[in-house]
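Next come two complexes built around chain A: one with chain B, the other with chain C.
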Partner chain A sequence: MQIIESPALSAPNGKSARVIVVSGRIDQSTADLFDKALKPFLDTCRNGEAPLIIDFSGVDYISSVGLRVLMLASRQVKSQSGRIAIAALTPVVAEVFQISRFNLVFQVFATPDAAAAALSV
Partner chain B sequence: MKVRFWGTRGSIPVSITATDIRAKLIAALIASRDRAFHHRDDIEAFIDGLGFDVAGSFGGHSSCVQLITGHPEHVILDLGSGARPLGQAMLDHFGPGVPQTYHVFMSHLHWDHIMGFPFFAPVYIPGNRVVIHSCHRDVERAFRRQQAEPSFPVRFDQLAAEVRFEVHAPDTDINVAGMTARARLQQHSGDSYGWAFTAHGKRVVYATDSEHDVGNVQQRAEVIEFFRDADLVIFDAMYSLAESVSVKADWGHSSNVIGVELCQAAKVRQLMLFHHEPAHDDTRIAGILAETRRYEEISREDQPLEVFAAYDGLVHPL
Partner chain C sequence: MLEHLQRLFTFGAGRPLAMALLAVLIGLNVVSEHDIASADAPGIADTALRVVGSPFRETRQWWFDGYQLISPRQPAHSPVTIVEIDEASLHEIGQWPWPRNRMAKLIDVIGAHTPAAVGLDIYMPEADGTSPGKVADNLPPEQGTLAAQLRRLPSHDEQLAAALRRVPSVLGAAGFDFQSISTSAGMRTRPLVVKGPDPLSVVRRYPWVLASLPELQAAAAGQALLSVDLSENIVRRIPLVVSINDQLTSGLAMEMLRVATNSSAIELLTSPQSIDHVTVADLTVPTQPNGDIWLHFAREQAGVGRTVSAAKVLAGQADPDLLTGKLVLIGLTGYGLADRRVTALRENVPGIEIQAQVIESLFEGRVLTRPWWIKTSEMLALVLFGAFFVYVVPRASAWLMLGFLGVSTGVGHWAFLDHALLVDGAAAVLTLPLVFGSLMVSSTIEVRQRNRTLAAEQQQLKDQALVVAGELSAARRIQLGSLPRPEKVLNGETRFGLAAFMEPARDVGGDLYDFFMIDERRLCFIVGDVSGKGLPASLFMAVTKTLTQTIARHVDAPPGRIAELANEALVAENPENLFVTVVLGILDVNSGALALVNAGHDAPLRRRATGEVDHLESPPDAGGPPLCMMDAFPYGTQYEQLQPGDTLCLITDGVTEAMSPGGAIYGSERMFGVIAQSATPGAQGLIDELRADVAVHVAGAEPSDDMTLLVIQWTPPVS
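Up next, the complex of A and B:
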């Protein structure tokens, strides 16, 4: 599992969104690493700052413990009045979101561009 | 060994409604279009081909499960409203003149798990013996209280059968009715206990009314050890994972996703979804079963885990 920051995306209105690309498998053995790698991005995702988009296009699988990390991330960002979304789920991970009902908890977009357009309004 | 489910619903009994039955009939008739039924066998075969949510029902009694080992003394897990049809079936089978011994293992003392006791007919028959095993020190008080005035017309002391309570320490093997039983403390309001039973080389774990804290590594390891190599785990899958870690966190229940992950890690052979959410109809529970089987495929790293959803009346051989 790794997280790499990609160039910021510009929304049609000219505002930008910060994008991080996650890849690999997020399960019992990597969830702590995912949590730690995500933290610095969450700390700066605040009111007035650029929204954060987590690009999941490289994630093969996420288990309950990984979904919990996302839940805590969402709570932290909400408490900071920031904005966060997930984009580009692979078909298998989209199924996991559906089965776990995390699709009802998170804003999930088809692409990072779609997420940037929605979050930057 | 066989496991017979008499009550599989969580929190409160529910009943199928006229609207539900009408929806099933409409679905069945739509599926039957352009088909001819010349014999009863044709109809039976057609019904067998319908989904269980159309042709059957998961039922609505609260928790009550029977372990059938062939031992002359009977083993029951919890006394939810499913204890009423169980008691009647026992009387029908053995008759009132042949005294029986019933060993009941209690997960906990919440209402939905004890409410069937006053309607368990064998307690009204002299000569029968009911031994209630629990890890809760106040087990006897809970049973007496629900039959005290003004809640019930028959007081506990008026019961004709011999009713005895045995309080056990968790994490200790006890030998009852030809099987070994062992309890483990679970996360639930007022505490609950899972029970692991071993008989004839088969191991069954009854783990209902238990919340699993996804981030608690030690708890996870302990549960996996308790489930280890079980032939069947009967698992509280009342909520979705998202509910169990958000709006319904600390409500004391778990999810299908956690059930799959724990059973896979413990190399369990079969997972039985149990303690169904009372707000869910048959279509919803059937959908959750299908999704759970798919999640098992997605998350599988080793041997396959068979997944089932319990229903009232199910006899599950091991």
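Up next, the complex of A and C:
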């Protein structure tokens, strides 16, 4: 599991969004790592700042413990009045999201660009 | 207090302490050789220095004695003959003191053989009471004629003076620090020639002297001092020059040589605060700064051949070779008369023997010296090696130290034998083991402290491991202990079959299953997975299970409503922000009507009696997210109708996500296949087959997540 920040994306309206690309498995053994790596990005995702887009195109699998990290992330950002979304789910992860109804917690988009366009309003 | 001491010796301080010790010991060593003996009136400071330096001073003297004991001087040939007034002489001639005319006779007999010089180790401060005149004084008045005749005869002292005049003779005297009836303030000494600064302040000074009668002094060719200072009652150093009442005076040996060579004067070559050499004729002797020489003693036994009894000489039986051309010393050796001294060889010898050995040593040029540069070299070597030793600790070993001590002892002995130099090996022997010991103590304490720290850390780790293990086992007990046994609901039951299995991962405790009869015909079952691990997850699991069961039993509502109520209750008490995915179903075991809610969990599988397998996916208006993910959610209920022989299979993702050692996931397709092709009848049969197949896939790898299986087969009686 690792997180790499990629260049910021510009929305059609000229505003930019911050994008981080996650890759690997997020399960019992890597969830803590995922949590720690995510933390600095979450801390800056607040009202007035650029929205955060988590690109999940490299994530093979996410377990319930990984979903919990995402849930906590969502709560933190919500409390900071920030904006956050997930984009580009792989089929396995998309199935997990669907089973757990995670789209009720997180905004999910097909691509980072779509997410940037939707969030940078 | 003990703590402070320990701190002094701990790692950081171990070396500084050793260096400080080295410096102090070297300082004491330097002080110990500072010649305080020459000071007239040692003050408190001098006395203090003497005391603190005494261990070094004494061991140094023993060390020097050691050289002599191992290698005593081997006299080659003797220029000296001792004419000893021994027990035999007293037996022949009579009691001591002898009448001086008898002494005169002895000197005349010796003189007849033309000795090089004759020295007397005998003090004669008073007139001879046996002289004829003195005898006359004692005669009664009626013997007046005899008395007059006696008085006309020369006194014994005159006879002795005459004898002394006939040979090159030297009279001995003794220096005194105090006055007595026999002492005087001076004697007839031949002036010494000083070349260089006045050495009076460095030599041993005596205010008084015990000398022979002035008329005897006048008759002798030379006067000399016989005094020898003792250190710890042992004779080691002999003064060649002393002063009497501020007049420089020679010791017996040098004066004998002067008289024998008919030289005019003994010369002193001096530098500031030091007498460097004493010379007479063509003999130059290096001295210690105060005019002493270190004597290299020969065994007394070695001098037996150069000793002859006075009685034998008087009887004319002495070997002429012992007297002709020799430096003849006359002295007392008889016990009770002789002034006996202990030498560095630990032999108790008459004073005359020591004087003879001084002369022999001067003749052989065998005088031990300890020039200033020896001391400097010793100290330098000690500082360098000591510092090196401290530096290389802890690699320094006792062997290294013993090696240095061995080498310095060897060098010391070589210098003693080949160069008559006195090297103080005792300084190293005293200093290095102390420094070594301090380093050893320091490092021992250091190691012990380090071990203690290590042990404490290990204990801490062990404690933590125990705590974790305790938590885990508690978590596992909570998880497994609360699981129901199938017999509870199966007791005589024919309408359905049920089997369950759970395998917790090592550090996870989040899965749950439960089943119970709500009433005679309704079976309620739950499978769930808490998103978390350890004790918090187990407790959350237990709460979830209890809560759902309570609600299901007491609220007559469809599963969606039960989930909604459970969600609200769980959200209220969820400090860890956990959530739980759950499938909760209620099966009417008479009709096969199934109502269920899926809160974010894997959809249950249904195996038809025909072998078809499908997922019981939630329709859009049923189910919802995991419990506790949303604060409130209206979960909808999903309704299904089972056919006789249908089997429900509920799992957690520990099954589908079970990983092989290579990292491959078991997967739902493979699970589908196993369920579809299961040939073993009954709920337990399906579980056994699934477990066996997962075990093949996992191949012994440690499970990363809990694995739970719950299988229910509806088998209504044929109506």
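Just so we're on the same page, the second predicted complex is superposed on the first by the 121 of 121 C-alpha atoms of A that agree within 3 Å, B and C clash if a C-alpha of one lies under 4 Å from a C-alpha of the other, contacts with A are read in each partner's own complex, and residues count from 1 in each chain.
One rule holds for everything that comes next: contacts are C-beta pairs under 8 Å (C-beta built on N, C-alpha and C of every residue); 3 or more make two chains touch, one makes a residue touch a chain.
Bear in mind that the values here come from a model prediction, so they are computed numbers and not experimental data.
Taken together through their common chain A, the two structures put chain B and chain C in a clash. Shared-chain residue A:65: touches chain B and chain C both.
When the two structures are aligned on the shared chain, A:76 is found in touch with neither chain B nor chain C.
In the superposition on chain A, no contact is made by A:10 with either chain B or chain C.
Contacts of A:29 after superposition on the shared chain: chain C is touched, whereas chain B is not.
After overlaying the two complexes on the shared chain, residue contacts for A:104 are found with chain B and with chain C alike. Aligning on the C-alpha atoms of chain A brings chain B into conflict with chain C at a single listed stretch, 78-86, out of 78-86, 132-140 or 150-158. Note: residues 61, 63-65, 67-68, 71, 99-102, 104-105 of chain A belong to the chain B contact set and to the chain C contact set alike, using the contact criterion stated above. Residues 61, 63-65, 67-68, 71, 92, 95-96, 98-102, 104-105 of chain A are the ones touching chain B in the complex.
The residues of chain B lying in touch with chain A in their complex are 214-215, 240-243, 245-246, 255-258, 261, 291-292, 294-295, 298-299. Those residues of chain C that touch chain A in the shared complex are 505, 508, 510, 529-533, 577-579, 581, 598, 600-603, 623-626, 629-630, 633, 653, 657, 665, 704-705.
Remark: chain A residues 27-29, 61, 63-65, 67-68, 71-72, 75, 99-102, 104-105 touch chain C in the complex.
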